[in-house]
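What follows is one structure encoded as structure tokens, with my remarks underneath.
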Amino acid sequence: METAHKRPNYILIWVYLAVLTAAELALAFELPISRNLKLLLLLFLAVWKAALVGLFFMHLKFERWNLRIMAIIPLPLALIFILAGMSEHVW
Amino acid sequence: MTHAAATVDQMLPPYPAERGLDVYNKKLGMWVFLASEVMFFAALIGTYVILRFGATGEWAKPGIVLNIKITAFNTFLLICSSVSMVKAYAAIQDGDPKKMRFWLLMTILGGAAFVGIQVYEYIHLVQHGFVPSGVREGSELAELVAKGTLPAATMGLYGSTFYTMTGFHGFHVTCGVISMAYLYFTKALPGKYTKQDYGGIETVGLYWHFVDLVWIILFTIVYLI
Amino acid sequence: MHWWLPLKGSTFAGEVDGLFLAITIITGIAFVLVEVGLIWFIVKYRQRPGQKAFYTHGNNRAEVIWTTIPAVTMVALGLISNHYWVKIKGRHSVPANAYPIAIHAKQFEWQVTYPGADGQLGTPDDFTVRNQLHVPVGRPVVVHLSSEDVIHSFFVPVFRVKQDAVPGMEINAWFQATVPGTYELGCAELCGLGHYRMRAQVVVHSQEDYDAWMKQAAQEASQ
Amino acid sequence: MTTVAATAHTTPAHHDDRSFIRKYIFSTDHKIIGIQFLFVSLFFLLIGGLLAMQMRWQLAYPGQPMPGGGILPESMAPGGVILPEYYIQLVTMHGTFMVFFAIMPLLVGVYANFLIPLKIGTHDMAFPRINMWSFWAFFAAGLVMLSSLFVPDGAARAGWTMYAPLSARHDYSGASIGQELWSVSIILVGLSSILGSLNYITTIINNRAPGMTWFRMPLSVWSLFITAILGLLALPVLSGAAIMLLFDQIIGTHFFDPAAGGQALLWQHLFWFFGHPEVYILILPAMGMVSDIVANGSRKPIFGYHSMVFAIIAIAFLGWIVWGHHMFMSGMNPTLGSSFMVSTLVIAVPSAVKVFNWMGTMWRGNIQFHVPMLNAVAFVAMFAIGGLSGIYMAATPVDMFIHDTYFIVAHLHYVLFGGSLFALFGAIVYWYPKMFGRMMSERWGKVHFWLTFVLYNCVFFPMHILGMGGMMRRLYDPSQYTFLQPYQPMNVFISISAFLLFATQVIFFVNFWWSLKKGKPAPQNPWNDNGLEWSLPSPAPHGNWEKVPTVYRGPYEFSSPQAAEDFLPQYTKLPTDREPVRAPVAGH
């Protein structure tokens, strides 16, 4: 089976991931910024890294939409659960 | 297919059949399985988030109990094993089984090293007095709690969530290493993977990258926040 | 034995019962529609020699009708229910002048703490009585529920009030008794092997009787 | 490539040279696995019933020695008198067995396995060996759960919902090994369901026979597909929760123990986040099979096929955002309560649509009352009651009164017994010929149906009245409460009806066993149905078809003007039918 798409540069993705990890470490322990901003940035970096793995290593970027949906379906459910659980503590 | 071993064209969707998702069964099955794995980790991670969000009092600051340096190295190791997995996949796509075997072996070694380091980390943590129920009395960490460096109220939850989340991740890594080793010895070494049929590599690769992806999330929310 | 709901013993019991009745009417109509329809079809369209069924795949207008009517009914019911829900259990529902009583549930008893003469909890004249809930009639009462061990549930059928007592949380539930008398309080959440005997007596007094009881009980408790 | 693919995928010849063990014990044949599930879960259904009978005895005659209770050990019922600690084990185990080991495997384990490949036209599941593991994981889970009844301090004691912290700490519940075995067993159930679900989903998506488009699938397959998605995504949450509960019990973590910072409500959120999709796992397959049977019995196409499909999807989707309605009285955030109330009321709409469509199917039909049809009509009638009584507890102010009372018990039994179990009685009779090659007795089937129908209502309808009187659930001895004492005659009436109802089930079991050997040999298509499974001999052979059939139309073409008979199978090619064309895929 021929690959229909151009293969991404895996080494480049690897470099990205390594750099982002280093950035996370620096952010978490070196940067003197407010806790909430730090939290937000760290989560953003984590999601970015996760997306890189999902899109390129798991080649979701090159799949058809109906397979992507399979991967996406659980995410809103998980989010609903976590938000509902957290809302117990804000009233 | 009931019992005929169809070795050719394993990577094509079943035929004759109505059009499905245009991927072969094994790959589709793995994606479906990963969807359920997402929900499993959502339960564990969600529990952690909710417990921490609703905890009375502060949570232990990162870097006091856990050894960040060694875990950062471990994270790097897992990222490397993920890239070596994808290199193995690319190699067999190009019809180079020798290169594929090399990269697969690297992945297995990387995964095994990750598990080894995690076991070492656990032993170390337990010696310092960090256990699933919290902080062991009379230990090094108990003194930190007494001094107020660590919050007494939430250490129990910290231990519970830390060991459960990282433990189950480690369990998944172990399963991945075992199944990759199994494929390495039964399929890759005898040369059963070809340019046309490398479904096993792709499927186990999907699993492996997923485990890596979970670790990326866990590393951030457990070790850094 | 009642074939309908028990005595209405609190201010909102009438509202709860009214809603119960309204739902009974709505569901009753649907019930009759479905069951009578089924029986009618069973009799009318039972197999007969030479008869052939009417070949149809459905009717979009019918689908729209029987989607819309239940949807509108349900949303309306939801809005009405929510009105009462917010009034009875909403976050600002407890009346400001409510008389405070603390109930601490544990396996398998209710420890009721009364505010004493000053009408305030957390003062030295508080006193605690086991399995006896005395409340004045015609005055909102707020119960501060807590639990020692597992989840219990504070349930007084005549007041139509129920609230779980959860360890680690303090939950407020309020009611205003309307009929003096002696009733029962039960645990409605399985709390262990003594769950069935975790009951207490509820006595609704007139204000004078309540004050008299309070004086006497405080004295007994201090001895 | 096409030719290579085609040869690689042809079915093996039908000679079956597998050993007995490969054929009947560690079988990978979806039909055998379905039958294994059937026998094992019918056994657990019986166990669950026996436990219920003991509860009913205690409720009707509290403190009196139970006939035959003398065989129970001192720790459960000294002299036949049930102890409170044994009673709450009965409550817990009855719920657990019925939900996880009877209804769920009967619907999903048996009929997803048996029907999916037969009805979509494929040789077997996508992953037959994983399918086998799914059964054996379930079997192991059942053995673990069963064994917990025999450990020294007895089985789990916190209700089937296992509310923490009662379940999490042994000093609260009084049981230790039993509680732990419950957690272990539930983890295995989760594993079994996940393995099964991923198989069903892959098979349905990828392995449908040519011409079996999405909207030509029978509603039973649709509902099993959606159920599998619910199971796939809900069961891992339960497994995760059960793992955390197990850790609380054995290694001293504090997830659910408020004394050490944990949260008691967290367990309820986790459990019901799984639990409400689970409720639909327990009813959707029943709805699907009832749709098949009602169309067949009415000799009419199902009314509003598409709206039936969308109703299933809507129920499944809404099923994820209603879990909080189990927790209205739990001290949950009241604003959350409001939103859960609205979503819960809205979920009544697709259920109503389904009921009206079944009625529409029967309207102007030519209704044949074979045993499956009787049970299917009873399903519609009883599910309507169960669904309507659900509206009472969805309305939060009313729930404040009836929550945790017998009104809930009545409601859930109307849905699970009156709904799922009636559908199952119908389905078992309906597909029995394809499973075993013989028919079950029609006469005894009717006797069983009528007795069950009447007695069932005698048992569960009065429970509404008890609930309205304020009788709490899971009470060992309601006569402790003065206000419940007048209701004792009703408890006695319910119990006597329950004993008779249980006795009636003997007819079913005898009919089932007797027909295995002595039943009338089944013709190929005994119900004149349209599904692909009826193109096979009875019982269906290993590997199903030599060559998968081609599908030309939807599954409900009854009384079509195009056919002389009143049915037109999906696999019958009329001169006007064209062969399905499949869009070429890269590689083929």
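Here the chain labels run A, B, C and D in written order, and each chain numbers its own residues starting at 1.
Keep this in mind: a contact is a pair of C-beta atoms (placed from the backbone, for glycine too) under 8 Å apart; a residue touches a chain by one contact, two chains touch by 3 or more.
Here the structure is a predicted model, which means the values were calculated and not measured.
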By Cα centroid distance, the chain farthest from chain A is C
Contact tally winner between B-D and A-D is B-D
How far is the middle of chain C from the middle of chain D, if each middle is the mean of its Cα atoms, in Å? 31
Calculate how many whole Å lie between the centre of chain A and the centre of chain C, each centre taken as the average of the chain's C-alpha atoms. 46
Intercentroid distance (Cα basis), chain D paired with chain A, Å: 38
If you look at chain C, which of its residues touch at least two other chains? 91
Which chain D residues touch at least two other chains? 233, 237, 262-263, 265-266, 269, 334-335, 586-587
Residues in chain A with touches to at least two other chains are numbered 1, 73-74, 77, 81, 85, 88, 91
For this structure, enumerate the chain pairs that meet the touch criterion. A-B, A-D, B-D, C-D
Of chain A, residues touching chain B in the complex: 1, 3, 7, 10-11, 13-14, 17-18, 21, 24-25, 27-29, 38-39, 42-43, 45-46, 49-50, 53-54, 56-58, 63-64, 66-67, 70-71, 73-75, 77-78, 81-82, 85-86, 88-89
Help me check something: in the complex, which residues belonging to chain C touch chain D? 1-6, 12, 15-16, 19-20, 23, 26-27, 30-31, 34-35, 37-38, 41-42, 45-48, 51-59, 62-63, 66-67, 70-71, 74-75, 77-78, 81-82, 84-86, 88-91, 93, 107, 149-151, 153, 155, 157, 160-164, 166-169, 171, 183-184, 186-197, 199
Report the residues of chain D in contact with chain A in the complex, numbered from low to high. 229, 233, 237, 263, 265-266, 269, 273, 320-321, 324, 332-336, 586-587
Once bound in the complex, which stretches of chain A touch chain D? 1-2, 4, 73-74, 77, 80-81, 84-85, 87-88, 90-91
As the complex stands, chain D meets chain B at residues 1-2, 4-6, 8-9, 11-12, 28-29, 122-124, 126-128, 130, 194, 197-199, 201-202, 205-213, 232-237, 239-241, 243-244, 247-248, 251-255, 260-263, 266, 269-270, 542-543, 548, 551, 580, 582-583, 585-588
